[in-house]
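In the two complexes below, subunit A is the common chain; its partner is subunit B in one and subunit C in the other.
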Partner chain A sequence: MSNLGLAIAIIGAVLSAALAGVGSAKGVGLVGEAAAGLVSEDPSKFSKALILQLLPGTQGLYGLLVAVLLLSRIGVIGGSPAELTWQQGLMYFGAAMPMAFGGFFSAIAQARAAAAGVGIVAKKPDQNGKAIIMAAMVETYAILALLVSILIITGIKI
Partner chain B sequence: MAKVEMKKIEIIALLSDSKRLIERLQRRGVVEFCDIKDERLVKMNTASNLATFEKHLAAVLSAREILARYAPQKQPLLAGLSGRKEIDKHDFGKTVNDVDDYLKCCYDIIELDKKTAAATASIGKNEARLDALLPWRDLDVDLDFSGTRETACLIGSLESREESGEYIQSLTEADVSVVEISRFGNKVNFAVLCHKDDREELLLRLREAGFTPPPETGSYTPAERIAEYEKRIAAQRETVEKCTQSIKAYSGVEPQMDFAEDYFRLRSDKYEAIGKMGLTQNTFIIEGWIPADCAYKIQAEFEKKFVTAIRVYEPDEDEEAPVLMRNNAFAQPVEGITEMYALPTRSDVDPNPVMSFFYYLFFGMMLSDAGYGLLMTVATWIVLKKTTVEGTLRRSLVMFRNCGISTLFWGALFGSWFGDAPQVIARQFGKEIGSTALWFEPISDPIKLLLFSFLLGIIHLFVGLGVLFYKNWKQGRKADAFCDSIPIMLTVGGVAPAGAGIFINTVPANISKIGLIVSAVGVVLLILTAGRSGKNIFSKLFGGVYALYNTATGYLGDILSYSRLLALGLATGSIASVINLVCGMMENPIVKILLFIVVFPIGHIANMAINLLGAYVHTARLQFVEFFSKFYEGGGRAFAPLTVNTKHLKFKEEIINE
Partner chain C sequence: MKDTEFAFAVAKIRVAENHLIGEKDLDRLIEAQSDAEARRLIGEKGYDASLDDEAMLTRASEQLAAFLREISPDKNVVDFMLVGNDYHNLKAALKALVSSHGVAAGYGPGGIAGAEAVRNAVLAKKFGDLPEFLRGDADKAYELLINLYDGQAADVFLDRAAAAAAMQRAGETKCAMAIALAERSCALKDVKIAYRAAYTGKDARFLDDAICPCPAIGKKALIDAAAHGVEALISYLDAEGFGDAAEALRSSGADFEKFCDDELTRLTLPAKMMSFGPEPLIAYFYAKRTEINNLRIVLSCRRLGLPTERIRQRVRKQYV
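Showing the complex of A and B:
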């Protein structure tokens, strides 16, 4: 039980990268399906469709970001893992949770909005900015989750 | 600098001048035609002309596409960025005479393409028939051969594993003679002879066993038929080849097609405008919108050139003028962002001048990497210098260049050059250089930057309220100007120091206290004034309290929303650092150099692209949701003058200013 804390912290980092990543993967895939349908009709709209497809991809990056920040704080990146008590481990674990769950669900919800936005690009291509903004509204909550995770991780003193 | 004032213009001129006058108006491109609805005037029906032009335009476009398919042209890398080609009015006039020839080329190409498609389809059909007949090649009687005087002949196929002669004989009691033509697996193709009297019985037996006639029948042998098909296919192949060559021979006329495309666009625009005019026996009347600053110039010019009566006048109160924004070089590039939201209405002010500053500021803060900023600035600067890109694309490029400069500025303040690349590289040579930040590194003190983001947010929101104040004041609603903005500013601004005290404990107690008193004054003012439109004292009071609730929740949410300035900035820098970390991870120096060569550029370009998109989108969001909601209505209609709306050519400037 010498380094149980470290193990708990690492599971937190893993969940942050994994859940947010899964959410983004699902989301990007979902929009990709809608976008492919559009591009098959009109290949010239590829770039506009691609931007919409990319939007739910950021959650995965945020998840990665939180994981790396956490791992470098506890010294797993850098080569000298810190000795953590299980309480400290739980703190880090908790810190990663907003990003893990916020990222997972917001990526999928954002993907739905973006996939619907593909319809805007199909019918009124000059209005694609509005489709982007609508999908980006959802991302706000991923950003807030990211913020909370970062604030907690940088705030924990070991 | 802002929204351009619009006037109405009325032009009455002789019908005999109509063509020249309208063409001149089109080249000036400053008048938007209104549809005249006066029953005493005749309208010209331009629908059929319009339809013809649209048809020709579609033909040109489709011919262009066909030509690109048959004879693809190599496009230089930056071809999409080069602007329209300049052309003299005189040359244009000369080339116009040849438009019919160009159009003929286009219809020719379409016709040839149709022929090719038909021939290709027919080749497929003939090949299928030929394939079906191949197993019958060795049958040396006509396909419809039915027998001699005494015998009957049946030709067809059966499924059978056995030797065909024995099998068919076993089906019937009559004497038969079987000639097997060919066999593919279980399928036997054969001709069978029997006595005329046995024909019906044999046919019945064969049908019971699954007899099928050959794929076609007629007074020819299969071999003759196959030869016939081969001849047809060869002929059609030749047609395809010939047509393809003919289409390819047209390669090189693309510029003429571009000309024709522009020409038909111009003409259909013109006829659309003509359809809006009103006519009398000998005159025509144009009514339209014109920017005030060029109205009198146009009036003077046209009165000198033509026999005409021109009147410039103020629009009616209830007329919604089309919107034309005109801004200086600093604010003009972000007009596209405002257009994406909505154009200003008559009562709105043009938000671009104020918004542009915050747009660049926030964009830079969200991307906040000096390396990326430098790349953006240099790349857009080169494209702007080296190409003749124009229109909205140019506007966007200028916007990204300005955003790049802002990104460079913030990146230098936060000490982020491709993340922590300087530190990582120095470490490879055994040196430790500390932070390069001119201010501080966000990751070392995120709370500080969070509060700074909120501060910027409050300033942004207050500027929005300031614009509301200005807008109301200008419309003469001075009381509203005060009541709608000052109490909110006092309330929110007063609470701010105490709010910051939640995060840090270095806020002086005095300031917090004074702030709370100011805030309390604001709250009282808000309750007293916000419900002023209510009918009685209760609804006034209720309105005030409700407004207080809205302010408290709304502004709290708005301000917290600016935390994205910190979060997105941290995301860029941290992901960049992860890329650098991967590059410097291996001990082996050769692997390390390889990683630097491969991972560094790819990783950073990917990171830059995705964060660029993020910064673009979220900066726009802060403007649309937080900022515009304070003062901006939106919903104006864009000014759409009759103009030279071409894609490939433009008239030389001096012609326009003759």
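Showing the complex of A and C:
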């Protein structure tokens, strides 16, 4: 079980990319449905709807960033995996969790706000800036999760 | 069904709401200097102004039903609003059947089965070809018409069955707004029946057949009140939280009809704030139906040459 720590750390990286990615995929899909409904009736609003649809996609990128950073720190990217104790592996695993769960839930919450914003674009297109701001507020919590994950990953000494 | 499954439909509804006739549009229509101007205004709102008035409004009702059927991910949401039209068409078809001339009159647009299917099945006396939910009721109503020669009893039976079917389908949606609308609608119909029965001196047995039980109003107490006359009925309604309905009844039958429509519109208003779920679809159906009714009222009042103030009093409260 000499590689147990490494395995635990890799699982953390996988969850960070996967959960945040799933959240983003669900979120972008949800807003996409609402945007499709809007554009099918009024194609001129495509660009405004597209901005809203993109918003929940960022969590997937953050999750990927954390996974790449973590894999890089433990040497998986680069071809020379580090020897990690299970305690070190667990620390990396824990470091990835803020992004994994923060990304998953904030993407879905942001998607609901953005899909509701599609309704604003449909009824009052001149107010679409407010719809974007309201959805973007949720991004704060994804960024906080990203920050915490990065701080922990970079702070762990091997 | 998750509320987010309605995201596509709700976005389409929000765009469609932009084309609803608002208060200002209706004012312009009422004030229009000529019929040509009125028809032009209606045409600008997506109606086929090349048709005559009734055909234009019928077309709009058909388009409304087709639009909601197309976009709703849950058919029950649409069905509870349309099932009444099927019972209306069943009544028309049965009357055509027993009158032995089969005249296609009185059929309405936008049912679940469609007027054509109901008419063809009934006129061919193939009740088995009717949708399952109509078969049993069609048999019973036909029995009343043929064996008892009682057209009123058949009408009463089918009206009650329609209200019960709407409540059952609304319950299947598990949507609180749908359930509230179906129950309120049933309660108001019951009040109307009770009022007419009290006014014309119908007995309690008639009321027992005619009134559809619903959670919003107590059937037995309503029948007892109606049996004691109009004033007793109005007092009962006042005491049971139907004070506005009682007030409208005191005023006139036309005011009560307006109250009923306005009350249903009031129940749909929270849907304006909802971004997901079936509520915006339901609210749009009622809004468009009210709009079509308003157009019918305005156009017929204009034909009769009624003053604009009288027309304004008659039009229903609008969703937008």
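Keep in mind that, in the parts below, the second predicted complex is superposed on the first by the 158 of 158 C-alpha atoms of A that agree within 3 Å, B and C clash if a C-alpha of one lies under 4 Å from a C-alpha of the other, contacts with A are read in each partner's own complex, and residues count from 1 in each chain.
Throughout what follows, a contact is a pair of C-beta atoms (placed from the backbone, for glycine too) under 8 Å apart; a residue touches a chain by one contact, two chains touch by 3 or more.
Just so it is clear, the model here is predicted, and its values are computed rather than measured.
A.B. asks: Is this a clash or a fit when subunit B and subunit C both end up on subunit A?
C.D. replies: Overlaying the two structures gives subunit B and subunit C room side by side.
A.B. asks: More residues of subunit A are touched by which partner: subunit B or subunit C?
C.D. replies: Of subunit B and subunit C, the partner in contact with more residues of subunit A is B.
A.B. asks: Figure out whether A:K123 sits in contact with subunit B (first) or subunit C (second), or with both, or with neither.
C.D. replies: The second partner, subunit C, only.
A.B. asks: Roughly how many degrees, to the nearest 10, is the angle at subunit A when you join its Cα centre to the Cα centres of subunit B and subunit C?
C.D. replies: Placing subunit A at the corner, the angle measures out to 50 degrees.
A.B. asks: Just checking: does A:A36 make contact with subunit B only, subunit C only, both, or neither of them? Give me first, second, both or neither.
C.D. replies: In the superposition, A:A36 touches subunit C alone.
A.B. asks: With both complexes superposed on chain A, which partner does A:T58 reach: first (subunit B), second (subunit C), both or neither?
C.D. replies: The first partner, subunit B, only.
A.B. asks: Once chain A of both complexes is superposed, is A:R112 in touch with subunit B (first), subunit C (second), both, or neither?
C.D. replies: second
A.B. asks: Please provide the least distance in Å between a C-alpha atom of subunit B and a C-alpha atom of subunit C in the combined superposition.
C.D. replies: 9
A.B. asks: Quick check on the complex: what are the subunit A residues that touch subunit B?
C.D. replies: 51, 54-55, 57-58, 61-62, 64-65, 68-69, 77, 129-130, 132-133, 136-137, 139-140, 143-144, 146-147, 150-151, 154
A.B. asks: Would you mind writing out the residues of subunit C in touch with subunit A in their complex?
C.D. replies: Listed in rising order, the residues are 4, 7-12, 14-18, 71, 275-276.
A.B. asks: How about subunit B: which of its residues touch subunit A in the complex?
C.D. replies: 340, 443, 446-447, 450, 560-561, 563-564, 566-568, 570-571, 574-575, 577-578, 581, 610, 613-614, 617-618, 620-621, 624-625
A.B. asks: In the complex, go through subunit A and note every residue touching subunit C.
C.D. replies: Listed in rising order, the residues are 30-31, 33-38, 40-42, 112, 115-116, 118-119, 122-123.
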